[in-house]
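Chain IDs A, B, C and D follow the sequence of writing; residue 1 opens each chain.
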Amino acid sequence: MRKVANILEVNSVTKTFGGIVALQDVSINVPERGVVGLIGPNGSGKTTLFNVVSGFYVPDKGEVWYHNGGNSERIDGLNPNEVFAKGIVRTFQIPRLFKSLTVLENLLLTPYGQKGEHPMKAINPETWQEEEKALAKKAIELLKRFGLVEYAHVKVSELSGAHMKLVETIRGLMTPARVFLLDEPAAGVEATAAHNLFRLVRELNANGYTFLIVEHRIEVLMQYVDYVYVLHNGQLLAEGKPDEVVSDKRVIEAYIGDANA
Amino acid sequence: MTQQTGKSMFSVQFIAAVLVALIAGVAIGFAASGLFAPPQQQPQQPAGGQPSVSKKVIQIGFTLPLTGELSSIGKIWEKVAQMAIEDLNKEVQAYGFNVEFKAVILDDGTSVEKAVSNVQTLAQQGIKVIIGPAASSQVKAVKSFADSNQIVIISPSSTAPTLAIPNDFIFRTVGSDAGQAKVLAALAFQEGARKVIVFHRNDEYGNAFADFFAKEFAQLGGKAVDMPYQAGLSDYAAEVNSLASKVQSEKADAVVLIAFDTDGGNILSHAAESNVLSSVRWFLSEGPHGAAELKTPAVGAFAAKVKLLGTRPLFVANPLYEQFKQNLKQRFGVDATVFCDNLYDAVMLAGWAILRAGSNDGNAIRNALVEVAKHYYGVSGWTIFDSAGDKANQDYGVWAIVKTGAGYDFKDVGVFERGQIVFTEEPYP
Amino acid sequence: MLPIDQNTILNFLFYSFFYLLFAVPLTLSYRTTKVINFAHANFITYGAYVAVFLNGLLGNKSLLLASLLAFLVSGTLAIVSYFFVFKPLEKRGASMSLIMISSMGLWIMYNYLLYMLADIAHFFSGVNFVSYGRILYTDVPEITIGSLRLSSGFIAVCATAVGMSLFFYIFLNKTSLGKAMRAVADNPVLAEISGIQRDKVITFTWLITGGVVGVGGAIWTSFSGTVTPTTGDAMILQVFTIAFIGGLVSLLRTGIGAFVIALIENVGISLLNAWFGVPTSFRTFLTFVALLVILIAFPPLGAAGGLPFRYRKKRGGAK
Amino acid sequence: MIDVVGFLISWLTFLGIYGILAISLNFESGTSGVTNFGKAFFYGLGAYIGASLTVYLFLLLNNIDVSKVSPFDVEGIVYLGQFATKNPLLNIGLFILSLLLAFIVAGIVGYLLSYPIIRVGPAFVGFTLLSTGELFRIFVLHYKPLGESKGIMSIPHPFAWIPNPTVRTALYLAVVLGFLALTYFVFNRIYNSPLGRTLRAVRDDEVAALCLGKHVPKLKATVLFIGSGFAGIAGVLMAFYLGSISPTYDMIGPPITFNVWAMIILGGMGNLTGSILGAIIFTFLDRLLIFVTPNLGITVFSPDYIRGFLVGFLIVAVLLFRPQGILKEGKIETLAWKVYEEEVKGEKSG
């Protein structure tokens, strides 16, 4: 029995796309303040599961529960913006930052329900100046902490791949959200930058953030996660501690089978 | 392939050069135009007072539909305007006036906004009399500017009844459609039609004309079925088809077509191919008169088959009009279409009104125009205006399409006198 | 009795073939070049006016010659527009809407240029070109099957439309250039990598687009009662409507769209007129209603983007 | 000589009205990414609401029974003409009422129309709105209580009671420029606010914005509400200026939308000052050439064709010269900049 309460629970979720079964009765649990990995060969359904949790797809069967302190609520079927409002931030495999905005503006954009976003208030700056000032301070704090402050006024389109991933991850910190869904943070980034990112994840985890990470580069992921789920052809193949899973025959077979199939 | 940046560098310089040339050209033109429009107020009489060699140039503004839906009429009007200005200058100088009129012709693309900016900019060049615009919707849009800045507007073709407003600055040298609808109704009834389909453009001209016709035809005891069609399309085959099925379902014995020239010609050339529509009489308003498509063999034969007759504003047996038609054909190679005579007279009236007023004040020119029109018998007959500034008495003739040596042509075959049609000749034996 | 007679069907087919000739190349041009081109209206008008000038100035009666020249003139017009305007803009990173507005500038320029040409032709020949009657061609046969009289115009447009469809089918599926064109349309980046000279393919696309539409314009002069410099403009909204039904992506769906709109405009309006007394002047009204219904009922989410999922009202997700 | 004052008044009035349309369209399509090809629809809708309301009320308040005397027939028009100068307060009151109602109704219609275009791509959003505009225009063309094809005439000018035309048009110009300034002020404020930032994010990547908690459909609806409201105001201003409205293709149809699009693209998408610059270029050149082309003395073709040709050429030339439009999209000036200065600079120099 797990002693730590779960913050995110996926119960026997099934999802089909016109006949193709993407997910078949998959259940995973993410403990509070845990760092959980989700791996599997291509087409195993890990991205689909990710999109179900973040509100992109509605599962055909099964539920997704979010236990946030006392109250727990079902979040499957909510739209992505409502899932975000509950306090679950997601990132993308290819970072989707807002090209025409600067790094600072991308950070300032993230907080939910700002006063200045209401049309009537937007016209009168007095109503949202204070909030903007506070957010700006917090954003600059974050940029300083991660050494990005001199990029504050650089257009995001001019950043390097690694910097983009960093910005996309830390902009989540601008919100009170406690749960992060990272979609292949190490993709397309060389080893040292990948390790930096994962060290950042551990550091944030120490401050009480929970992570569910989909990753293809297992060798990097395994050093940083507490628990791993393995998906194969839309079904849960195995789960357990990183070292157990790595040595599990079925997992090796799935990956090798996949390699020379 | 030239080196990439070279190419774009070249095109930037090329475009920049063109732009500079454009702006320079405009600036020079602007300055040059200053010369062309010499100040109206100070005539160039040399101080000595002897008759100067250089004449006083007075500009008359024209805003014509040289593009857009009415461009086929507009192009012919442009030539009529040039001829009218030449004739006016000859006439005026013959009377010893040391004055030369000059036409400033602008294209308003049959659009409301362009007509307004044309009239405004012409007025701001000191021009006090403007001929045109053609469409009623355009005249309405320029009316408030014209009334408040005292610019005399003379439209040769706007026949909308909603513009018959007393003492304003809008004058129209063509009778309102109420009169012509009466004549068309009398023609149709006299030719034996009892139940007609009124197939008309769905704009102000078409709707107003159709309403008048329906009222008049009902008074005579006939029945008119209203059928509007969408104007401004590139082709009307589908509309003609609906007309054919309507004629069948209503068992009508005639079709009354109220159209301009391009859509009229299009409709008739499709109607010629339908045997349903070739078995009923056809009566037309003045719009299609003069359209080249009606002189093609196909439509000519169709006209003979259905004994096609049309009405149009005309002072029958008006020698001046015959002379005018020859002049236009001989000097500009163009056949006079509908409204050409009204435009010609509008230019004449404008010239004489300016001379009679003797000043550049809009109000004075307006009053002079009313007086001049009282005694002027021109190419379009008597030009006297009624209280609302429209042509007071307008006679109407009946035209047909007859086979001549060189194919088919338009011919005036009758006149409307004392309430009924009198044929001067039998068009379809 | 159904108010549909032989003529209605004939008109329906006429319009279907013409819309096919005008709309399918528009979809092809957008699909490959990603340019919403308003100068497409000029390709139609210039094609028609090649036939008009040939007939008016030289008394030409052969539709074949007129169509050939129309193909060359409108094709060149398309290539010139690409080479001098669309290509430089594309290369310097102009957005889709910016290139669309540049095509609007070209549309205005070509319109006034045509009016000038018509004036100059009139100056030398005395023939009025601003509104020109129907041209009777002698080199296309007229077939009468039983009571049905198929005019030469009908034969020409039917043959050309069918020919074009076959040509596109074979060309796009069988020839290497055709496949390259589809590759550039479906995945420009991949096409670039696999060595397809995008520039050559795009130039060829514009030649075909302008050419086919120009031929359509030339044949139009045998069908329409009057041809004016605004003939193309009056049709361009209909042609875009049809291309949109095809999702600006699939030539097949555009073809179907052509028949659907022609059906609504001919048969639909006469039915509504006969049964509900809807005035025929509501014809274009119907076309736009058809477009709206199609766009809302099953929105083409293909090349043109948009939110990838149906925005859901909140289901009772919360407890 | 050339009446420069008159030229400026009439040109600037058109510039003001087109400027309002350009700024609001630039905000909708430039900043927020809602490609709106139906701008003329809301412009025409506003014009018709203001004009028809005023014409009916004007006759009623002058105790003329509207069921007998329709404001669209000659007698009604003549009455409207006679009463125009009698009661200044009535004229101005109806003018203000028209502006308010036009803003609200056009705005609401814009808000509702945002629903069908949520799931459709930019090119389709444009044509859906364009088709709706054409449906409205063709409907009004057939609708008797709105004057059918006759349109609405002799709309009482708010300052009709001022006899001197120059003063009257100058005062009306002041009103129009006032609204232009208001439009610029409102959109500039929104542009430089968190809402502006969020809208630019929605334009850049709808899906990403959605995942960051932005309610994209509601934002787009708000954008269309504000943009269409101001288009309605521009419609009322034009209706009262011309004194008449006709449901013709060129008056409230697609040509108006295409002109405004040319202006914002010329001026620079996403830049409000650019929109005004685009409007200036577009309206000024056309009027300036009126002084030039008729006097060119060309006889082989109508000289005025050159004016039209040059307008088209200008659009292409400027775009080739500046493929991003003349002015670039500015940065969002909120207080964050000051905080950045204090925090980072302060630290460096401190």
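In this section, a contact is a pair of C-beta atoms (placed from the backbone, for glycine too) under 8 Å apart; a residue touches a chain by one contact, two chains touch by 3 or more.
Predicted model, so just to flag it, every value in this text is computed and none were measured.
Name the chain whose C-alpha centroid is farthest from the C-alpha centroid of chain A.
B
Across the interfaces B-D and A-D, which one involves more C-beta pairs in contact?
B-D
So how far apart, in whole Å, are chain B and chain D when each is placed at the average of its C-alpha atoms?
Centre separation, chain B to chain D: 32 Å.
Give, as an integer number of Å, the spacing between the C-alpha centres of chain C and chain A.
The computed centroid separation for chain A versus chain C comes out at 48 Å.
How far is the middle of chain A from the middle of chain D, if each middle is the mean of its Cα atoms, in Å?
Result: the chain centres lie 44 Å from each other.
Using mean CA coordinates as chain centres, what's the chain A-chain B distance in Å?
Chain centres of chain A and chain B, defined by C-alpha means, are spaced 72 Å apart.
Find every residue in chain C that makes contact with two or more other chains and list them.
88, 92, 111-112, 115, 119, 279, 281-282, 284, 308, 311
Hey, what residues on chain B touch two or more of the other chains?
Within chain B, the residues that touch at least two other chains are 11, 66-68, 75, 202, 230, 232.
For chain D, which residues are shared contacts with two or more other chains?
Counting only residues that touch two or more other chains, chain D contributes 138, 141-142, 207, 210, 216, 302, 305, 308, 313-314, 320.
Where on chain D does chain C make contact in their complex?
Spelled out, the residues of chain D in touch with chain C are 29, 35, 116, 118-124, 127-128, 130-132, 134-135, 138-139, 141-142, 206-207, 210, 216-217, 254, 258, 261-262, 265-266, 269, 300-302, 305-306, 308-309, 311-316, 319-320, 323-325.
Hey, which residues of chain A end up touching chain D in the complex?
Residues of chain A touching chain D: 54, 79-81, 84-85, 90, 92, 96-102, 104-105, 108-110, 112-119, 122-125, 128-129, 132-133, 135-137, 139-140, 149, 152-153.
How about chain C: which of its residues touch chain B in the complex?
Residues of chain C touching chain B: 3, 5, 7-8, 11, 14-15, 88, 91-92, 111-112, 115, 119, 122, 126, 128, 130-134, 136, 151, 199, 223-226, 228-232, 234-235, 265-266, 269-270, 273-274, 279-284.
Provide the residue numbers of chain B that touch chain D in the complex, in ascending order.
Going through chain B, the ones touching chain D are 11-12, 15-16, 18-19, 22, 26, 29-30, 32-34, 36-37, 39, 66-68, 75, 78, 104-107, 109-113, 116-118, 120-126, 137, 140-141, 143-145, 148-149, 160-162, 164-166, 168, 202-204, 206-208, 230, 232.
Any idea which chain C residues touch chain D in the complex?
36, 38, 85, 88-89, 92-98, 101-102, 104-113, 115-116, 119-120, 123, 237, 240-241, 244, 248, 279, 281-282, 284-285, 288-289, 291-292, 295-296, 299-301, 303-308, 310-311
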